[in-house]
Each structure stands twice: as C-alpha cells, then as structure tokens.
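Chain IDs A, B, C, D, E, F, G and H follow the sequence of writing; residue 1 opens each chain.
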Amino acid sequence: MGQRKLISGNHAIAEAAIRAGCRFFAGYPITPSSEIAERLAELLPQYDGIFIQMEDEIASMGAIIGASLTGKKALTATSGPGFSLKQENLGFAIMGEIPVVIVNVQRGGPSTGLPTFPGQQDLMQVRWGRHGDQEIIALVPDSIQESYEFTIKAFNLAEQYRTPVILLTDEVISQMKEQIEIPDDVEIIDREFPSVPPEEYYPFDGSKGLVPPLAPYGEGYRYHITGLAHDKTGFPSSNPKVVREQLERKLNKIRKNRDEIVDVEEFLLEDAEYAIFALGSMARVAKQVTLDLREEGIPIGLLRPLTLWPFCDKELINYAKKLKHIFVVEMNFGQIVGEVERYAGKYTKVDWYGRADGRLIPPREIKDFIKERIHEN
Amino acid sequence: MRHEIQLVGQGGQGIRLAGAILARAFGIYDKKNIVETHLYGAAARGGLSESELVISDEEIYYVKVQNPDVLIVLSQRAYDDFSEPVKNSGVILADDFYVKNFKGDDKRLTLYPLTRIALDTTGSLIAVNVVSLGLISALYSVINVESMRKAIRDLIREKHLSKNLEAFEEGYKLGDNR
Amino acid sequence: MKTELAKKYLRLEKLPTLWCSGCGHGLILSSLLRALYLLNIEKDKVAMVSGIGCSGRTPGYVDVHTLHTTHGRAIPFATGIKLMKPEFYVLAVMGDGDCAAIGGNHFIHAARRNIDITAIVYNNGIYGMTGGQVSPTTPYGAYASTAPYGQLEEPFDIVELALGAGATFVARSSIDEIPKLDRLIADGIKHKGFSVIDVITICPITFGRRNKLGEDPMMNLRWVQDITVPMKKAKDMSKEELKGKWITGIFRDEDKPNLIDLYLELNKKLKHSMVDESSKEGVEDVRRQDET
Amino acid sequence: MKNKFIIKINEKWCKGCNLCIEFCPKNVLELKDAKAKVVSPEDCIGCYICEYRCPDFAIEVNKVEEEVPVGSEKTNKR
Amino acid sequence: MGQRKLISGNHAIAEAAIRAGCRFFAGYPITPSSEIAERLAELLPQYDGIFIQMEDEIASMGAIIGASLTGKKALTATSGPGFSLKQENLGFAIMGEIPVVIVNVQRGGPSTGLPTFPGQQDLMQVRWGRHGDQEIIALVPDSIQESYEFTIKAFNLAEQYRTPVILLTDEVISQMKEQIEIPDDVEIIDREFPSVPPEEYYPFDGSKGLVPPLAPYGEGYRYHITGLAHDKTGFPSSNPKVVREQLERKLNKIRKNRDEIVDVEEFLLEDAEYAIFALGSMARVAKQVTLDLREEGIPIGLLRPLTLWPFCDKELINYAKKLKHIFVVEMNFGQIVGEVERYAGKYTKVDWYGRADGRLIPPREIKDFIKERIHEN
Amino acid sequence: MKTELAKKYLRLEKLPTLWCSGCGHGLILSSLLRALYLLNIEKDKVAMVSGIGCSGRTPGYVDVHTLHTTHGRAIPFATGIKLMKPEFYVLAVMGDGDCAAIGGNHFIHAARRNIDITAIVYNNGIYGMTGGQVSPTTPYGAYASTAPYGQLEEPFDIVELALGAGATFVARSSIDEIPKLDRLIADGIKHKGFSVIDVITICPITFGRRNKLGEDPMMNLRWVQDITVPMKKAKDMSKEELKGKWITGIFRDEDKPNLIDLYLELNKKLKHSMVDESSKEGVEDVRRQDET
Amino acid sequence: MRHEIQLVGQGGQGIRLAGAILARAFGIYDKKNIVETHLYGAAARGGLSESELVISDEEIYYVKVQNPDVLIVLSQRAYDDFSEPVKNSGVILADDFYVKNFKGDDKRLTLYPLTRIALDTTGSLIAVNVVSLGLISALYSVINVESMRKAIRDLIREKHLSKNLEAFEEGYKLGDNR
Amino acid sequence: MKNKFIIKINEKWCKGCNLCIEFCPKNVLELKDAKAKVVSPEDCIGCYICEYRCPDFAIEVNKVEEEVPVGSEKTNKR
C-alpha cells in the first residue's frame, strides 16, 4: 500500500510533478499558487532538474516550451492574472504542439480580485482565452489525492497528445491539507520518439496518425517550429489547403480522441431523477448536498467532469435524456452552465445556482435552491 | 461522526501551527479523515489568523467548518466574528487576556488563562497555541492526547520543543482539573 | 570562399531568402554562418531562436534546431532550452523592436542572469516587417509611418542598456564592418555568459524611403557608414561630434560565473549531500507550509 | 605565379541589390536584367569584397592556383 | 447629404474615432490593424490629441485606461496576438469600469497564424479571454460604412455604460476599400459627470443606478481605483456581500441593459423558413448566398448580430421558434455555433458550416451545403 | 512636526496601514508626503499610481488621485494620465518586483522616453506581498522561499539600469537616510523628465527572517546601514570594499527636453500650420495606403 | 451588373496603385459601388502583388473576385496562378515581356507589350500599371476613360504625372487600335 | 528660554516596532504592551528623530515655545 501523507494541494502537485518526470519549472509567484513553485525550488535541484523564477508569466510560459523541446517535461503554475498573461505563448504551444503542463490555481476574480479566496471563474477562459481556434485539455481535481493523480495524468496526456494540458484547481483545493495515499505504481507516459531517420522526419506530418512524434533537440533531428501557419515540415505556408489540414489535425487530435480523454465521476446517478452538475471544490460541496437530499428522499445524483475540457457532452446528454432536471452549481456568475444548456437543454430542464464572492457556497444554500426548484415543478 | 474544530486569533499566536498539529494528530496518528483549511488575509502580520479542521471517520465532502464543535478564540475580534455559528452543544474556549467583551450570556463560552499560562511556562506569547491544544485535549474526548504529543514533537523545532511540551501539559491540566 | 564553406549551415532549399533586395539582414546572417564555421560548431549542438519580424526569418534558413517564437519572446524560449541543454550553443536573433520594444524585459533579465545565450540584434531602427513604424532605436527626428512628423522619443542605446542590465559581453558592429562582424559574433558565441551583439543594419524599404535615403541599398549603407564610429576613432571625438552616432567595438568582455554553471554546481552539491526529508515523512512540508 | 579567381553568381538567389557591384574595387561586376553579372573577370584581384558584401549568398569568389590542373577535384566541386 | 469617401476599413475607424471625440491613442503595430495607428498618428496631433506607440500591447492597454481616467476618450487597436496580451489589463478596465475602446482586427490564427489573411477566430476570446467573471460589449461591422458608424457607437456605449467596448473587425473589412458616406450628424455620448460634491462622491456607488458616474481627474474628486474586489468607495473589500453586490452590478449593467445594447440585422427574414446566422465579413457572403438561394426559390433569410456580445439570445430564440433550420456560417472551426445551439437548439435544427484557412468562404460552398442539408430533411 | 503637516496628504481614515510592524514601506510613504508638503503641491494636481505588492498599498493612503493597477504596470497607466494631464505631478510607486521584474520593460521605456513621471522604487530585495520569493534585486546568495539554497542570480542595480535606459534624474537612497530622502524625492518630483528614486528598504517578515536578521525591524535596518554607502564615502573605497553595497546619492540630474513638452510643441505647431487634406478629399489616404 | 477586374503581378509594378486608380474612377467619378481588396504577402518586395475590384450598380455583398471579367497579368506566376477562374467570356491581358509560357490554347488570352511601352514612354518599369489601365480603358466599355484620367491625376504625384498620363494614353491607343 | 517638546503617540496607529525607541538619543521612549510610550518627556531634546523614524505616522514631536500660553490655538490644535 502506498505511503500516507498529509499535505496541501499545492505541495501534492509539486511532488507529483517530480514523480511524473518533470525536470523543469519556470514560473512567477502568485497567490494562491506560489507553494508549487516554492516546493519545486527545493525538490528539482535534488533530482538534477532546474527551477527558475522568471521575470514574468510570459517568460515562464516561453521557458517551459523551450525546455520541453529538449525532450524534458516542464511545468509552470500560476493563478488568474498570470494565466491571462500566458495566453499568447500558450497558443504558441498549441500551434507548435509542444507538451507542457500549466497549473492555474483559481482565485476570486475578475482582475486582481480576491487573491486569497477561491473562485471558479476561469473555466471558460481555459477553453477560449487565446486568439485563433484551439482545443485544450483541462483537468479539475476536487481533492488532494486527485491533485496528485491528475498532475501525473496531465503530464501523461501532454506527452501522449503532444499538447499543453491545464491542471485547473482553486484556492480551496490548493491551500487545504488532507491525507493522500501516494500510489506505489503510477503509469508514466513519455513522448514518442520518431521512428524514421532525420532526413525523413517531419515534425507535423499527420499521415501516420493525428499525433506526429516530436524529436527532442540534440538527437540529429533538426527541424523548424513557428507560430505561423505551417506545413508538415514546420515551415510557414499560407496555402489554404495546407493551413486547413494542419489546423484540423491539431483540433482533431483532441476532438477525435475525446473518448480516451474525457472522464467523469458519476455519483449516485444510477437511479437518479435529478442531478447536480458541478466540478472541483464545488463538486465536493455538491456531494454533501446529494447525500443530504438523498436522506430527505430526493433521488438525486452528481455528474462531475474530471476533464473540464474537452467537455463531457456525450456523458451529459446520456444522462440528460433520463433525468428530469439538472442543477448546475458553480462558484461564478454563470460559465459552464452555457455548455450544459447547449447539450442538455434539448432533453431536460437545466437550472443554475452560483455566485462568486470568495467563499465556497455552503451546502444548505444549494439544498434550499434545489428543493425549491423541484417543488415548483 | 463529523467534528469541527476552529482556532481563531491574530498573527503571531501560532494559530496555523496549532491547526497543523491537530491535523497531524488526527490525520496521521489517529488515522481519521481530516481536512484543514484556513483564512489568510491581506496583512502578513497583525491581521486575523484562522485555522479550521473537519474530522470524520467517513469521507469529508464539505471541507469548511459550518458549526464548530469547538472554537478557540484568542482575540477579541476572533470572538466577535466567529462565535455565532458554534453549535448550541459546542464550546467556545476564550483566552481571558485578550477576550474581554461578551455578547449577552453565552452558555457555550468558558474563559481560560491561556496566554498567562503560556507566558508563565515559556515566557513567550506564542506558546498560547500549545496551551490551547493541551486544554482541548483534556476537554474533548475525540482527541487522543498521545497523538497530540507526537504531532507536537513532529512539528515543533527541537530547540523550542521541551518548553512547548511543558506548556501543552499545563494546558492539559487546566482542562483536566475542571 | 568562406561564405561558401559556411553555407553548410544553410537550408539551401529555403533560399533565396524572403528579404527584400539589399536588406541588411542577409549580411548579418552570412556573418553569423561564417562565425559558426570559424568556431567549427556542430549543427546538432546549436539552437537558434527568434521572435517575429523580418529578422525573425533568420532561423528558417539555418540548418540547426530552429524556433520562430512569438514577437519579443526569443530569449525566454532560449532560456528554457539552454537550461535543459547546457552543452548547446543557444543563439537568440532579434529585431530591434523584437528585442528592445516588446522583448525589452527579457533582454535585460537575461543580461542580469548572465545566462549563456548569444543575443544578436538586427538593429535597423524600424519595424521592417509591419511596414515601417518607429522602433525603440529609431533615431530622434526620423520619419516613420507612426511618426509622420518625426520621432519625438530618444532611442535606446542597446549597448548602454545591456551594460546597465549587467551583460558580460557587449559589442556593437554594423553591416558595414564585415568581415569584422564575423569575429565579433564568434567572440560572442564563445563567451560563457550572456553576450550581446548590436548590429546596425538597414531597411531600405521602410526606413530608407521615408528618410531621404530612398530604396537604394547603397544609399542606406552609406548612411550606416555615416552614423557609426569605431571605438578607437570615437575616443578622439567630442561629445558634440558623437551626437547621433553609434560607436562600434567591444564595450565589455568580462569573466563571471554564468547561470548554467551555478545551477550545475548546485545540483551536483545536492546530489551528494541531501535527500528531501519530507518526501519520506511528510513532516517538513507541514512545518514549512505553516511558516508562510 | 599569378592567382586566378573564379567568380560564381547564383542568379536564382541574386536580387540585384547592386551592393557587390558598388563595392568591387575593380569594376569586375555589372548589373544586367536586375542580376549581377561578371563582366571583366580578368581584373579581379580576389579581394572577396563582393562576397562579403552580398546579403544573399549569391556571389562567391574562389581562388584557382595555377598549378592545380583543371579538372582536379578541387576545382570541379564548384 | 454627407460626404462620400472611398477609404479602407482601418482608415474609417481612425477617422470615426476623431469624430467620436477620441483624443488619445496608444498602441503597438500589428498587421492587419496598423493603419489605424498610422492614420491616428497623423490626425491626433492636429486635433490636439496624443498618439503614442508604446513598448507593447500590455502597456498600450494600460495607457488608454490612464488616459480615460482624465476624462478623455481613448482607443487602442490590435490583432489576435496583441489582443491576447491585452486581456489582463482589459479585465482591469472592466473591474474599474473605465470606458475605453479596443479594436481587434482579426487575422488568421491560432498563434502568429496568417498575419495577412482574415479569420473569425477570436469571437469567443472576446467574451471569455480574461480570468474572472465579466461581461463585455462587442460590435462587429460588415462594411466600411459600419466600421465608421460602429466606431462612434463603440465610444458611445463605452461612455454610457462606463465599460470597455470591443470593435471586432477582420482583415477583409479592415483592408478593403469601398465608399462610405460620412454622416453629417452623429450622436456623441459623453460620460456622466457626478452630480454630487466630492465629499459625497463614490466611484462605484450603485445606489442610484447600475452605472455610477466617473469623475475625471483634476476636478476635485479624488478617489481610489483598484483591481482588487472593492466596495462602493473603490477601496478593497473582501466582505462577501460587498464583493458580490459590486460584481453583480458590474455584470448587470450590461446584462440588464441588453435590450438597449443588442442589435441585429434581419435580412429577408420576414417570410423565411430557413435562416443563416453569420456576422462580419462572412455575413456579407451570407447575404449573397441568401439572395442566390431566394432566386432558386428557397425561402431563406439572414440573422446577423451587429453586437456579438451581449449575445442576441432573445432575437435568436424568437426566430428559432418560427424557423425550420438555422445554418451558422463562420470563418473558424466552430465558435459562435455553440451559443446558437444553446439558445436555438431547443426550438429548431442548427447546422454549422465553417473553416479557417485564411480565405473568405465563397458563396457557392455555402449554397451547396445549405441545399444539401435542406434536401436531406 | 513636518510629518504632522504632511499628514494633510493622508487619507486618515485608512490608517493604521496594513503594513507589518516595522515595515520600511511606511518610512518611504512618510518621506514622500513630506516631499509633497515641501513642494506645497496641490492634492488635486497629483496622480499616484502603483502596481501590486505591499508597496502597491501606498496610493490607498494618500489623498490624491490614486490608482492601484495590475502587477508591474504602474508606469503605462501613469503614462496615459501624464500625456492627457501634462500639468499633473504623476508618481509611480513600485516594489522591486513590480518595477524591475514584471514591470522592467515599462520602466526602461519610460526612462528612454523621458516622460515626466517620478518613479519611486520600494526596494526591499524580496517579494513581500506573496511571501518572500526572490526579486530581481535579491542579493546574490540570499535566501528566499524560491531560493532555498541561496539566490544564484545577480541582482539588478536599479540605478545602473535606469542610467543605461536613459533616465534623466537617477538617485538612490534608503530608509536609513530620512529626512535626506524627503529632499531627494522632492528633487525627483520637481525634475522635468523621468526621475527614478531607488529606495533601499526592509521587509523583516519575509526577508529578514530567512536571512539571519530575524523579524526585528531594527536588525533589518542595521543591515540596510551595512549595505548602503553614501556616494562621497564610496569614492574612497575600493571595488572590493564596494562589493554587495548600494551607493546612495544622485547619479544623474540632466536637463533634456521631456516628452510632454515635445508633444505640446508639435500640437501647437500643427494647429497653426496644417489641416489634414485627406479629410477633405479622400485622396491622400488612398495614396498613402497604396504605399505600404 | 457585377463586373470583376483583377490585376496581378509582382512588387514594384504599381499593382496596388493601379487598383486604387480604378477604384477611384469607378467609385468616386462614376458613382458605382465598388469594393477593392488585395493580397499582400509575407515579402515586402519581390513577392506577389494583387489588387481586385468588384464593380456594380447594386450593393456588393461578396467582396472578392470570383470569375474575373478582366484579368491583367504582369508576371509569369500571376498568369500561372490566376488565369483559371477567369470567365469564359472574360479576357486575360498579359504582358509579353514577363509572361512567356501558356497553358494550351487559351481563347481568353491576348498579349500586349505593356512593359515595353512603359519603358519607351517613361523609361521606368513601374509605369506598366498606367499603360495597363489605358489598355483596359480602351477595351472595356464599362470604363469611363475620363474618370480614369481624373483618378490618375488625383493619385499620382505631381512630378510623375505627365509621364504617367502619357503612358496611359499609349496604353489606350494600344487597345483602340485593335 | 528653554524649549519644551510635546511628544504625541497615536496608539491606534503605533505597531510597536521599536524603531523610535531604539533611535531616541535620550531614552525618552519605551515599549509597553506592544506600544511606544513616553517615559521621560523632560529629557527630550526635540531632535525629531523618533518622528522621522516612525513608519506609521504614530509619533509626533511638537515644540512648545515658552512664551506661547497654554490654551492658545497653536497648542490646542493637537
């Protein structure tokens, strides 16, 4: 059995990163994420890795992309304001198909907002924060255990799909301490090495699959990467057919693999007539609400996305068809409810409860809301 | 059973360390499920300091304290702002040095000379945290005092340890006597 | 002849370059390749990183590990590469806007850190690629599409800026100083630590045309001859005479521990002396966390 | 023992910028149809200026030492 | 009758800005937006205004906020990569409720993408690009005439609602030239001056309406603005009630006024059974398609949002209830279709056609697509 | 007494400040207020802009036009204000991280432009607000939460950086030089053009504690006394002796046209001489557009 | 009626200026609706240069040229890449100096010595743009030659004007003669 | 004509940092209950050091010239 530990979410992320094989961290301090950096500043040099505090978040994002190209796994961590600054270079990583992991520990927003309080207000930004069409993978833990496991999963997905992955946590999950069990065995996925000799290698060649291998620097494969639209060789092209093919492949490697990537937790849904849809720290609150309502005889369950993006549209629709009513609960002023309405709205009633004032919404409030809505019908 | 313990005071009273000790005692030595959260404000020093603990044999979903079973208040503001949600059956343990004004007649409230004991045994104000821990270890049956001692040994630096253990025992006596 | 030999570093199939006829950027590229040739550097040990701009096209032509990043960000990407590949020669080629406008912060921080990267600034005093807007090195009074009445701001002196930020190798040259420039770039590459080579160059199309030099490369090059003064000569000139001139030469060449070596040293030390106790016990991190 | 120099212009790469021509001290070169052309190769003194001044890798100067027989590997390579 | 001119979209924006009373521009060049800056570099000094080229887009965004606080109207213009960089300070302007106008001339993305080709790939970024909950107003012209008029409207809305407004155009509309008629009279709205003396002035006091007046600097009103959550005085507060009230007011001043703000064009919709939903340069293509299909006897129309955000949900639903089928056409890989599905999906069929390869999608392609879908049913 | 009079610039109801006991930032604020008082500046003519950090709390306490912007961006916001309110005194108060890490680029560009803003750097060599991470002015070898083995990078010398970037008034002082600092700040404010006052200060909580100074303000202040040397005294010291020391005094005080005056001049000139022809005819802009 | 005119060549042939002149003639003087768009590539000089014009009495919705009525090609690449979509009833006017290779037998195509005329009348290659404009003014009835002359006067700088007008007339004659 | 100095400590603002106390050349001040207190006002020489060294506007020194009668506007203001 694995080792038992009592640590914070931020420290769990740092330690899991080491476990996942991360050997480079570049970041810029920001509450409530800084402990990830601080812990890695201690750990990385012990594992022959490198920790660097850069001059800002833009530089941090650039540095981890550079580091990843050498074949190493690289991480950065930030919170809202810093995440906003990273968008341009994050878009570059998506365009260049460079595996990196970005932690966004959500705090209350907008703007400088409430630095020491939680929020779930960057859900849509994660998906749409950048110019240009892009797909992104984002994982949302609701415990320290998951903070650890999803960190490893984030690195795995990044390597497997050759793409940036966001670990989207929040102030509650990152700052609180609870026990976790460090698993003895974890699966670690490393990026594929090209199977062809350098002369035949094209870094964006989709002919053999949606995810072309990425050759690490210094192994005889000398190629070009640009943020410009490019062809399979990596060199710029504005030929509409080429542009489209490349971009579609980049989108499709996520879209077409969504079944492999998307994961949800189904909590007491089997016989449910109602369901809450919630994620991250609010999903924990929702579990409490579910149990409480069940005690009162209401057949309710919880559908919790573990991967926020790609969105769990299929899983949701599947339940929507069976359910009388879905209650979306989030710590913001209306974000993921839009997606739920888009997919479930045709099949069932969708209601929303949420707000963002820096505090977890307590179970009672949600319970009252749901009961009222159920009785209205 | 879900138990909720909350400690509130100001920066410099070792509140967060006390929370960590409790967390460790329950979480590591007693193998309960625990979640420790805290408030930390804009001011690095002198501001409010808070640590809260949810303890349970089952899984803990809602991680914040709602209606504490035990609330320790080490400052007036802590008492003013945090006493209300405490359970009717719960207890509010207040430091008689800092907490002087009370709202009406509160049956949940008891005053203890925590700061004075801290000063007497260690000469330092900060030990009020371990004194408080000693007190609740005596008062509150879910707490395993041996685990607390171990957790203190784990988390307090060598050079302060013996003084702190002494203060802990003094706090314990305070509760045991009553 | 040397150029021919240096062509081994070219991606021949990508030429002719997309630069305009007579664009000074090609002269810098050829110097740069001869510098690599002079030092006999293995292609597989070089990473060349650029931002966006006409200068940013450079890596596309060079048969090493090449990365065309976002505007102004060559240095951060290069930093990540260098830290994970200490044995690499990492070159950051940047336009004046790229390096000193949007990328100014990364530039000064790399200088401060003394990270072993060679920064080559293609300094044409204008935004070539976007059609001739002012850059932070556009001379006072010069015309540009965003300075239709003449530039009111003073330009940066890239050399002064690099010196002020703590760079350990700082030099300036121009496209009129070839083949001297080859050597200078080679010196910069050899230097262990952050090295800056500010190269005064021309953009006949967007700068020349608006500033009474026309599109003729020769006219523009003469202007470079006009505004540059070798250090030796400058010593005998008055402040007045030096106004509006760029002095060329090596301004600093200093031996100082560079960041990579410091990191490697630390890692070596740690490897032999300690293991993180907390990873065994979960104690240290509780204590630590409680302190902050 | 006079050296000879072979000047090679790559017309595909030459952009006719005129720089080599302007700088050649011996007027060996000329611009024709927007490309540099060698007009008086015999005047070339092998100063390499044209090569160094070309922004486009389009002109190369190679010394041919008289003793090397024409057809040897060294000259053939070009 | 107004003066007739033959100018490009970018120049129309610059000239309209002057007309709207804009006296400050701070920007950073980027294709295909640079002509806006270049034209204003000429014009502003002639109108006693100031043009400054800043060191980057972040600084440009900061500078226009500073300028606006002095009571002047201020503009910046950029394209995708620059727009990504502006997000953090744009969020500050929303939080601080500072009127400014930002032009985003969309080019092909993602990343550096296709600098000289058009795209409609920032539609969702405009709405969601920042951390924290925010509402934004975004106008989308489809002609040079509208580029002129919407620029003025953007300034008016910014002043009226004390909020940043985005003018979202694209490479086609910004670079092409066509005739416009400069209107003789245009309505110019200036921000409200406080009606109370300085001692009684609170910059975020919502008690008298959703949009508190903003006092210009130097008029005796000395107040504080921060990006932190704040109370009505502008000073930081983390009191959940206050935080929530303030944030809700900021959102509601847009949400509750959506009827005043939202505008759509209804093109041949009266008797339509089918409709295209398209905007900006693609709406022009869609108009051609509509006319062509009408000629073939298909009763189709076009619903075109002039305000992309807030979204024209009501107007859309209204038509969705009557229509057999809505065809969303956009120059991207699926963005605004999500909103259309969310609101119209319950009532009618929604189909999507789009791509982004740097070229306007030609009418024939869209026509074929629509006819095929109609016949399938 | 002076302090009392200077208190008229305070928002009294906002005090006590949120700064920790003995935090040096309060000393800078009080100097700053006395400087305003010395110059007898009207409150309504002052804008004070900050970024984010403990230093960033300053504007909240001062009864002028105050703006607490985003981290590192005080100067761009201040630039917008100054350009539209040339008659204002515009002060940018920034932490060392704020000014020189994330905000470094704006800082050097303001210096280059010589825009009439007064930059006051609260230089405690650490990120106070976020709990003690290294800053670009953290001394080499010092400990910080992100430098648990000691900082490996060299710090910026803010003065050198400002000089290299072209600032026209550059000075350094410390919280141990009060009331000299009052005068220095007043000089900076009076100066027409970009002025920089780098103030060495203390953060006992996040820096002192980790660096063997403890949380005692006096210990930390003694350290400031240790590491600062007045310019006069420094002249007689060797390079060795000056290692790790910050020299205090005025490093540059230069009269040069400042950006605002240049703008105002241009606008005046244009007002009298020209009208844009294109706005009449739509001709010029066609021509222009076709050129690019 | 919708008319589509497209001009393609390379940087330095004044393509964009020619497009602007056409746009002005139709748009300002003839009061037609016009939309002018263009392609501009990555290379500032030496690359492809293109300008296209849609002219109509009605509103113009689709702003790009689909099947040009008139295509002027001033470089080989221009011919190779742009001739296909030209209407069957349309014309391709090619410069015989630069365009030398043709695909099969194209009835739409006619060769003209545009560059040569430009050189002959003005001594400069760039005047090929106004020569071309002269030519199509003669050939294409929708074009009002007086409006073209006015537009040229508006858009060409004083010092180059007379030469350019001369070149325009030469181009006009070229079309008129046939 | 000896000057008198009135030292006023604003306890609400004083954070007990000790700086004024450490710097006072005459030991006029002392720390009590985490606040600065004036313990020997008569020793004060009016050097203002305490005022200048206080980071919290919490201590002020005012000269009372003997001729100014107590109760005049000047002293009363405090």
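Annotations
The rule is simple: a contact is a pair of C-beta atoms (placed from the backbone, for glycine too) under 8 Å apart; a residue touches a chain by one contact, two chains touch by 3 or more.
Treat the numbers as computed from the prediction; the structure is a model and nothing was measured.
Counting only chains that touch, the fewest steps needed to get from chain C to chain E is 1. Across the assembly, the chain pair joined by the most C-beta contact pairs is A-E.
Remark: chain B and chain C have CA centroids separated by 58 Å (rounded to whole angstrom). If you average the Cα atoms of chain B and of chain H, the two centres end up 40 Å apart.
One inter-chain figure worth recording: chain G and chain H are separated by 88 Å, centre to centre, where each centre is the mean of the chain's CA atoms. For the pair chain B and chain E, the distance between mean C-alpha positions equals 54 Å. Looking at chain F, residues 19-21, 52, 68, 70, 101-102, 104-105, 109, 129, 131, 136, 145, 149, 263, 266, 270, 282, 286, 289, 292 sit in touch with two or more other chains. For chain D, residues that reach two or more other chains under the stated contact definition are 15.
Shown for chain E are the residues that touch two or more other chains, namely 6, 38, 42, 45, 55-56, 58, 81, 88, 92, 111-112, 115-116, 177, 226-228, 236, 238. On the side of chain C, the complex with chain D involves touching residues 1-4, 7, 10, 15-17, 19-27, 29-30, 178-179, 216-218, 221.
Looking at the complex, you find that chain C touches chain A at residues 14, 43-45, 47, 49, 52, 59-60, 63-70, 73, 75-85, 87-88, 105-106, 109, 263, 266-267, 270-271, 274-276, 279, 282, 285-286, 289, 292.
For chain E in complex with chain A, the touching residues are 58, 79-81, 83-85, 87-88, 91-92, 94-96, 106, 108-117, 119, 121-122, 124-125, 127-134, 226-229, 238, 240-241, 243-244, 247-248, 251, 332-335, 338-339, 341-342, 345-346, 355-359. Note for the complex: chain E touches chain C at residues 28-31, 34, 37-38, 41-42, 45, 51, 53, 55-57, 81, 111-112.
Against chain E, in their complex, chain G makes its touches with residues 20, 23-24, 27-28, 33-42, 60-64, 66.
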